[in-house]
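For clarity, chains are labelled A, B, C and D in written order, and residue numbers in each chain start from 1.
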Amino acid sequence: MSDLRIAVLGVGMMGADHVARITGRISGARVAVVNDYLPEKAAEVAAAVPGARVAIDPFDAVAADDVDAVLLATPGPVHEKQLLACLEHRKPVLCEKPLTTEVETSLEVVRREAELEKPLIQLGFMRRFDPEYQQLKALIDGGELGEPLVMHCVHRNPAVPPSFNSAMIVKDSLVHEVDVTRFLFGEEIASVQIIRPAANPAAPAGLQDPQIAIFQTASGRHIDVELFVTTGVAYEVRTEVVGELGSATIGLDVGLVRKSSPGVWGGRLTPGFRERFGTAYDIEVQRWVDAVRSGVNVDGPTAWDGYAAAAVCAAGVRALESGERVTVELAERVGA
Amino acid sequence: MSDLRIAVLGVGMMGADHVARITGRISGARVAVVNDYLPEKAAEVAAAVPGARVAIDPFDAVAADDVDAVLLATPGPVHEKQLLACLEHRKPVLCEKPLTTEVETSLEVVRREAELEKPLIQLGFMRRFDPEYQQLKALIDGGELGEPLVMHCVHRNPAVPPSFNSAMIVKDSLVHEVDVTRFLFGEEIASVQIIRPAANPAAPAGLQDPQIAIFQTASGRHIDVELFVTTGVAYEVRTEVVGELGSATIGLDVGLVRKSSPGVWGGRLTPGFRERFGTAYDIEVQRWVDAVRSGVNVDGPTAWDGYAAAAVCAAGVRALESGERVTVELAERVGA
Amino acid sequence: MSDLRIAVLGVGMMGADHVARITGRISGARVAVVNDYLPEKAAEVAAAVPGARVAIDPFDAVAADDVDAVLLATPGPVHEKQLLACLEHRKPVLCEKPLTTEVETSLEVVRREAELEKPLIQLGFMRRFDPEYQQLKALIDGGELGEPLVMHCVHRNPAVPPSFNSAMIVKDSLVHEVDVTRFLFGEEIASVQIIRPAANPAAPAGLQDPQIAIFQTASGRHIDVELFVTTGVAYEVRTEVVGELGSATIGLDVGLVRKSSPGVWGGRLTPGFRERFGTAYDIEVQRWVDAVRSGVNVDGPTAWDGYAAAAVCAAGVRALESGERVTVELAERVGA
Amino acid sequence: MSDLRIAVLGVGMMGADHVARITGRISGARVAVVNDYLPEKAAEVAAAVPGARVAIDPFDAVAADDVDAVLLATPGPVHEKQLLACLEHRKPVLCEKPLTTEVETSLEVVRREAELEKPLIQLGFMRRFDPEYQQLKALIDGGELGEPLVMHCVHRNPAVPPSFNSAMIVKDSLVHEVDVTRFLFGEEIASVQIIRPAANPAAPAGLQDPQIAIFQTASGRHIDVELFVTTGVAYEVRTEVVGELGSATIGLDVGLVRKSSPGVWGGRLTPGFRERFGTAYDIEVQRWVDAVRSGVNVDGPTAWDGYAAAAVCAAGVRALESGERVTVELAERVGA
């Protein structure tokens, strides 16, 4: 099957990241068309992608015959029209958040899509694909925490751009916890309260930071979220679900940690080499492919490394048999 | 640039894993030819890869015009001849360990490659590509541990196949620590001692397990390795380097942990969303590409999820302004 | 100086625990008088304490000439009168929480004490003496977190007695976080909100559990507290302070953990053997004292253990000199 | 029962620490006699202990009628004679390591004690009383690790005095791991090997540091110990026991951590407030006793703290009932 041809609309930080992802790490797809509000930015990005062309008009990109699907990374205010164009041309679209910037227009997009025979729009709430959130979801759905009762979330950024304002903390940061809540608990949020503590002295004047958001779900579950975007420290996203039978936390840099009866805490050990070194294998093979394509051939351990390992292991086998220390003899170094 | 066409020789567990990797997760390459000692196994694997064909003879595969490079995952005893064929046909090759099964033949392969103008052979010591080993290497090379003095390694498997014998613990397991030692310390191993403790009662009769290997490097550094392949617990690979200025450990399931003056232990926090959610983005886009290619279009959050998030965030902005609890009103559910 | 003679009023679980503490682990004090609402309970406790006598009336105990100080572990409703008696007789008193059960009577006790030349009443908020809270306080006071902004607390019990009701979660559990807030932040709490999520199905009917308490301090700091007393899991008391320059958490079973710029997390390593084994030394000597007083003489390693260690170390010194394995020769076992 | 009257022989760092321990933290005993090679040092220490007197001659101290037991913290070379004096006078003695400095004299002491009807000598291997070693011992004895097979130990000091030499690393540091091995495994050590890696450049010239000690027990178990006494970092004492059914590690600053089938790691949660805050209660009461004895009366939370807590909790109960935020009203500050 031939590769999926994708038009990427918007190649700011997020969109450019997606272009690099599709080009260098995703199998079965390629970037066919690049569009941006700034044509020179689009041209720069497209120049680095073999086979990609620039489209000046995003609607031309959506409509083009050499485009099978659209990745939407433009600013929120233009999403509505671009999504409707995708629906009109029956192009599947992966849309970075938000769907649109207004509740009414979001609902309108939902309704228009529902008139079609198949869904076309996927939202970019990437946390649903994060292995830790997946584990937490599995734990909840498998009943291992019993009835989930309370969730505590922390969302911290070291810094935000100067243009960031208090409402953006809700719309750009809290929105992830909104989706996490709906994803993990499988129900809608019924009410929201936002507490405004004394502000961080290091935050820009006028920015209400930190904020504490409190959700109540339809069935009465409590969720609290600390939003703090000027910590100066690091990117910290943490979620603890407290249920009838115990609690589980992700985002502690140690994988999912459970606390459960009879009074033990712990996590899961890596079961095998695939889980432990799967990423290393992916990087190894990708770097080898890149090295061979560029004519360098080798970007990793050499044949000499293989010989040296063989010599040490041969000595090791003799040491195993004798129980004595065995000296390793190596030939004079040859080759790379 | 067109995709690199790879012949995979040997599609047992490891080789089949590489076929899946190249086909589904690696960009810029595809499996063109599949070969195995069991032709029906090769046929089965090739059938699942669009555009792949079977080669009955591994040497035909190496020589073939539609093969740019070779991935060698055959049993060790046949490596020598297959590697020499790759050298003869100037085909770059990624060779799973061991290089060959004998020290002399390993050295012969190294010498033959050295006669060519460019190296062609890369060894599959994948730990060098593991992010934790990379961090540990960077710490050592950056001088942050001072002079490295001692290394403690643990290599534990829950179980091994019935055919496993005591010498294989050295050749198949310890070989990784041999390469890790050479990679991290950048010098050769001068001597090996293997201690044989009382055996695990749960190990098969006659298997010397656990074993303790002790290396001394050319400059006098000490490395000890616990090899224990019938633990019944999990896959544990742990490395602690102790240097003049502190120590660092990887493989604790919590990233690299340092202990350094003035008496603090700790690790690095995730600096940004790319590091935290980079893998989630990769999975998200790969699954979306797969969904669109298969005609399902969506395999993740839907437009309704985007609408619901917009509605909660709009309530959140009102809650931020008022300081009061705000009820969320959602339209009746539409669409998927 | 002679030992402080203490009257313990109330020897339920908490009071009996204090009697054992004063008798077996506290230096410079002894229990002189035991009083309880149930005279047979007082008699039973006093019988196990050399030199202690029973007082039938708590006011007689307070007034007695052979009582230097009072430890008050009676139920809250009788505190007011007993505290006033202590003030009248100028007896220092360590009063388990609450001071009294009504705000007005509490204030009255404070005023009466203020009329004396010296304070006499200490409250039993023991968390202020916990090494982890002490470290957290020192971190805040030393300015290492910058301005403290937000605090998250968790207070979980595996279970509560059948008589426990929703208000007791506030008065008996939350009261500790009230004091922790005042202790750590050095200011008063200005407002309280209590959120009532859907109750734990495993909680007794009618018990509002969990509860979420939200404090705002006079200067606008935010504190939230999860109170959950029927978790079935364990006793978990956790406190995270988030400040302008980073955050610190205690109660994770790993000591105080900080997250601070430049993006590192970690804790303090044990600086020396006193910190690491100080408790072991205390236990060692206390058990030895008890063994000698009871005539057993030894309750720990014997002279033979000392001989065996000497023999191994002597072999070790020879092994250090020779670099070879040295066999340890022990005499035939003698003595205990 | 009257307090045990102890003579402390040797009041250098360790002995002075024991005097402070017996005087301030141990119940049922007091220091009656202080002796030291330097009489002025003995006088200084005794002056700070009510009721203690100085003995110029250690043998007089052992023989004295007002001495019930002896704590021996003198240098190793004088232990033999002082222990024999204790045996002669039938005085129980807690002897800091070593028993004596020679294997032969150690055995002689053991034999002399064995001629008496009761043992009198306890050795100061304090790790046996450390809660983590106790837990590890319980885990092994309870069969939870199956047959113990291998043990890895780390013993690191930040620095040692200038007089420290290579053999002292064996006799003063390794001796603890000798006792730990014998304590945990319940059998004798059959052989010792000491590996001498390239020395730490930061170590004093001529000091063989680090050293790696390897023990084999009578039944063939393997123990390795890293001894490294010039790390510049901290005091690290770590022990991992690897058994047939899993492994357990102590000394990681996180309590005992187990790794066991089916592939989980973890520790035990604090079961109740006694375990969590037991030390805090001890400190609280000891400090209160000290405050009352010194006439200060209060060294902790005051009556006002009790009143303020009562006021917040009363507001909390109203907040629980109403679901609304409730303002806390405090009287004007009175008293301390």
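To be clear about the criterion, contacts are C-beta pairs under 8 Å (C-beta built on N, C-alpha and C of every residue); 3 or more make two chains touch, one makes a residue touch a chain.
Only a predicted model underlies this, so the values are computations on that prediction, with no experimental measurement involved.
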Comparison of B-C and A-B (more C-beta pairs in contact): A-B
Chain whose mean Cα position lies farthest from chain B: C
For chain B paired with chain D, centre-to-centre distance based on mean C-alpha positions, whole Å: 44
Mean-CA-position distance for chain B and chain A (Å): 21
Euclidean distance of C-alpha centroids - chain B vs chain C, Å: 49
Residues of chain B touching at least two other chains: 158, 195, 214, 233-234, 236, 253, 259, 263, 265, 267, 269-271
Residue ranges of chain C touching chain B (in the complex, touch as defined): 259, 263-271
Residue ranges of chain A in contact with chain C within the complex: 146-147, 149-150, 152, 158, 195, 197-198, 200-202, 210, 212, 214, 216, 219-222, 224, 226, 228, 231-234, 236, 242, 244-247, 253, 259-261, 263, 265
